[in-house]
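Below: the structure, in structure tokens.
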Amino acid sequence: MSDPRTYTLTLSCPDRLGIVAAVSQFVTARGGWIIEANHHAEQEDNVFFMRQVILADSLNCSVAQLRAAFEPLAKSFGMTWSISDSAVKKRMVVMVSKQEHCIYDLLGRWHAGELPVDIPCVISNHETFRGLVEWHGIPFHHVPVTPENKPQAYRQVMDIFDTAQADLMVLARYMQVLSPEMCERYAGRIINIHHSFLPSFVGAKPYHQAHDRGVKLIGATCHYVTADLDQGPIIEQDVIRIDHSDLISDLVRYGKDIEKAVLARGLRFHLEDRVIVHKNKTIVFR
Amino acid sequence: MSDPRTYTLTLSCPDRLGIVAAVSQFVTARGGWIIEANHHAEQEDNVFFMRQVILADSLNCSVAQLRAAFEPLAKSFGMTWSISDSAVKKRMVVMVSKQEHCIYDLLGRWHAGELPVDIPCVISNHETFRGLVEWHGIPFHHVPVTPENKPQAYRQVMDIFDTAQADLMVLARYMQVLSPEMCERYAGRIINIHHSFLPSFVGAKPYHQAHDRGVKLIGATCHYVTADLDQGPIIEQDVIRIDHSDLISDLVRYGKDIEKAVLARGLRFHLEDRVIVHKNKTIVFR
Amino acid sequence: MSDPRTYTLTLSCPDRLGIVAAVSQFVTARGGWIIEANHHAEQEDNVFFMRQVILADSLNCSVAQLRAAFEPLAKSFGMTWSISDSAVKKRMVVMVSKQEHCIYDLLGRWHAGELPVDIPCVISNHETFRGLVEWHGIPFHHVPVTPENKPQAYRQVMDIFDTAQADLMVLARYMQVLSPEMCERYAGRIINIHHSFLPSFVGAKPYHQAHDRGVKLIGATCHYVTADLDQGPIIEQDVIRIDHSDLISDLVRYGKDIEKAVLARGLRFHLEDRVIVHKNKTIVFR
Amino acid sequence: MSDPRTYTLTLSCPDRLGIVAAVSQFVTARGGWIIEANHHAEQEDNVFFMRQVILADSLNCSVAQLRAAFEPLAKSFGMTWSISDSAVKKRMVVMVSKQEHCIYDLLGRWHAGELPVDIPCVISNHETFRGLVEWHGIPFHHVPVTPENKPQAYRQVMDIFDTAQADLMVLARYMQVLSPEMCERYAGRIINIHHSFLPSFVGAKPYHQAHDRGVKLIGATCHYVTADLDQGPIIEQDVIRIDHSDLISDLVRYGKDIEKAVLARGLRFHLEDRVIVHKNKTIVFR
């Protein structure tokens, strides 16, 4: 038994009286059965956010008709909005380097049908996972990156991404800093897993930094990538307890478990249209 | 700066199309500014649940008028509902025995104004905390309980509770099993903190049971009291890690920290009308 | 840079004065540099437990000589003991059914060299993972299990296990109850991951049980298998928060993340000789 | 039934062969029954750390004789060491300001006899808690602090501390930066609870900083105070989950629960001689 087909409406607009009434009225008038609904108002900025999941079969119109009909209402409230269709899976390009934990975890979830996602291809600066990826029937692109060829390499990555008509790029411990151009071009569409509890230990070798400072918990952070290194909007975080007896190699090992769990949770939020970016923060409707 | 006055509407009714539209329409028509909204549908039973927090100052009518106006709408949907007013604090009778941790924690929160609650009195089967309670300006009733006098003692407790016009009884490690009569009389209004992660280790000496079984985490459970011992609807739970080196006395000590934290969280949910009991479970709108 | 070779001494014996002095004297006399040391005394039973990790290169004798020399000392204290050698990896047979999460997780860790283990083969009652397992260069045995053929099927499993000269069998969501004979034959050598926070929700469909009871956290338990279903000594447990909005399918999905994490941690403890079973409990020297 | 009297030996020294053998030999020769033992070697610096808890009644000598006898052994290994006596409780001066949560928590634990500590007095820059503290029979000193009188005020605090023959000063949300002189004078004897997960959000208003950055967990840190603000050795930390709907006032409220729990755990570690400071980090033998 598979999940029923749903449409997910997400929107933000200046906060004022009657938004929920107008939207729920609109949906009800078309027979729409809402199975999830979340609201949030950012008081400081007077912005309202909303997410509604509607059973497709309950509607007396197509998704195209729904979108067309919603347009004028959205305009009158000044909404930024979208309606996604669970029958149309997002397309996610996975970027990896040589570390196993995130790519194995993602492929396992993909194989189990656990994430609502298609993976058109995996791109790596190493050949390490070609066999594993191809065994899953997923194309694998080896795009080496050196200090010298970075611009060309990243041009190639963008070509592959665009050709694949991808919606999302996930850096599954890709270990390379993307170019500002790429960050801007795919703003809100690149997700990274950083191996520290940001904003602690920005940049390189966070586990070394954590060990030096003597913290008692280490963490990982799933965030949207912006041109500002490790400063993008945070989607999800978690931590794990360590102690004085743990070597840096232990931190790395514990950290992997947190990294892959946090990445998978953050990804799911994004894939299910649960995340709305507002300034440098996220609203996550769980 | 104190919190603004709010009215909290909670309701449940058979699920059907248009509930949210009708309610939000109703609130909007009276100028009501909603600052929190949560919905939930229990699919198996086709029951819908809703909670809305409305800014009092935004309404163009009094709370009495709001309630009167809502009545016909509620009737047409078959709703069980209530509208509470943050200006009218709930009245909570605290029952204690001889253990410090929960009563200190509750008094500290009360003293800080952290919980929206009045404490008309504390009742105990021991004199242990008379001084502390009275220092806070709260009346203290000593009602000894023995196997012989239980019916009279509980009659006295109920008299005190009713005289205090209390809304809620909290068993802050009271260590006595209430009578079925009392459980029924105050159904949904007695909250207990049980010192295990229910349904594990029901009944007496749960930390001994946990030690014997060799579990690696112990917990606590905040629940509504029913005539069935430790079987009532669960409001909140949490756990803490232990290991083989911990003696039963260590489990008791760690457990106290979880007990008071879980009780305080569960209480807050109840006091803020975030909890709706459905069959033997709770919907908790966080 | 790989980890240095180590010998790990674990022992238990009746508690008395001078055990640590005698053992540390013994190790020091042979130049042994101890990099980890843990003790525990079970007071009720007057039993002492110890684990020491010695740098192989620091010793002026071979591991065989070390064992021979330790024998008389062990005898005089009535010790049950063993000395393992990190250069000799344990051999682990993995039993799977049709669920992805544990087998992907274990293969990923094995591929990364993260667990000190060899996997001589994977056994399954389904063909689902043949391709994935064989891609890793690990033999895959399909042993179908039906109500009728169980004795023969389990005989075949034991043959494969014995032929593989395996030390350990891990049930990575194998979903079949082993025979009492197998449980006894490999006592202390079969590790299971149960999808509940034991002792809650023993037996089948624990997530359904958890959903029915309305708990606010769900968990998983890694334990040694005994003939008593879900009653064996617990090695490791963990939990994750859920709420009223989660369907059983959500619990299953969240649960998988806890299951694979708890299994991996429990396995590591076992593989590094950190676990000693005492009666129906475990001492885990972390 | 109270805990048995124990002596706790803690030591650090250059790491070399035979330390454990020598010390355990020494204890065994005097009939000493060790009920807890922990070791740690800091490999980078080649320093060894040890903690042993000995049952007082098992020894054939007094604690004074034990110390005297240990002196030559300690000298030969170049040890920094101490032997504490559980019959001699540490004396802890509590510094508070106007926030309830930590002082209520500490007084509750003290009243329950849960912490092995005497509280000779409480010092505050406000009168807020005089009544509560004095009700417990503990002297209360009001020492107002203004930008102008800081040197004199801190002189007065030091006088009170010294007169009380205190071993430890705990800043239970004291909200004042101590003078470098005081930090130095009581190095390793002042414990603070900082309301962030250090090293994130150093300095003032950490919950505002956390809200601005959009983190998904907030935390608290118990640490030794040094002249470098919020940079001292960390003893204990913990976190709690928040989300986009939480206002700064919610963070403050959640944070309090973490603060008091983390402070209590860190304090216990210190009071039971489980903490050894090494450079800017702590070894915590749990």
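Every chain is named by a letter (A, B, C and D) in the order it is written, and numbering of its residues begins at 1.
Here is the rule we go by: a contact is a pair of C-beta atoms (placed from the backbone, for glycine too) under 8 Å apart; a residue touches a chain by one contact, two chains touch by 3 or more.
Molecules present, by chain and UniProt name: A, B, C, D = Formyltetrahydrofolate deformylase.
Since this is a predicted model, take the numbers as computed values, not measurements.
K.L.:
Touching both chain A and chain D: give me those chains, sorted by label.
P.N.:
Of all the chains present, those in contact with both chain A and chain D are B, C.
K.L.:
Over half shared or under half: which fits the residue numbers at the contact of copies chain C and chain D, same or different?
P.N.:
same
K.L.:
Relative to chain B, which chain's C-alpha centre is the most remote?
P.N.:
C
K.L.:
Given a C-alpha superposition of chain B onto chain C, how large is the rotation in degrees, taken in steps of 5?
P.N.:
Roughly 180 degrees of rotation.
K.L.:
With centres defined as the mean C-alpha position, give me the chain B-chain C separation in Å.
P.N.:
Taking the average C-alpha coordinate of chain B and of chain C, the gap between them is 42 Å.
K.L.:
Where the CA atoms of chain B average out and where those of chain D average out, how many Å apart are those spots?
P.N.:
Distance between chain centres, rounded to whole Å: 35 Å.
K.L.:
Spell out, as numbers or ranges, the residues of chain D touching 2 or more other chains.
P.N.:
In chain D, the residues touching two or more other chains are 245.
K.L.:
Over in the complex, which chain D residues touch chain C? Could you list them?
P.N.:
Contact set of chain D toward chain C: 17-18, 20-21, 24-25, 27-28, 31, 33-35, 37, 39, 41.
K.L.:
Of all residues in chain B, which touch chain D in the complex?
P.N.:
Counting only chain B, the residues touching chain D are 36, 99-101, 104-105, 107-109, 111-112, 114, 131-132, 135, 245, 253, 256-257, 261, 264.
K.L.:
Spell out the residues on chain D that touch chain A in their complex, using ranges where they run on.
P.N.:
40, 43, 197-201, 213-217, 219, 233-239, 243-245, 247, 280-284, 286
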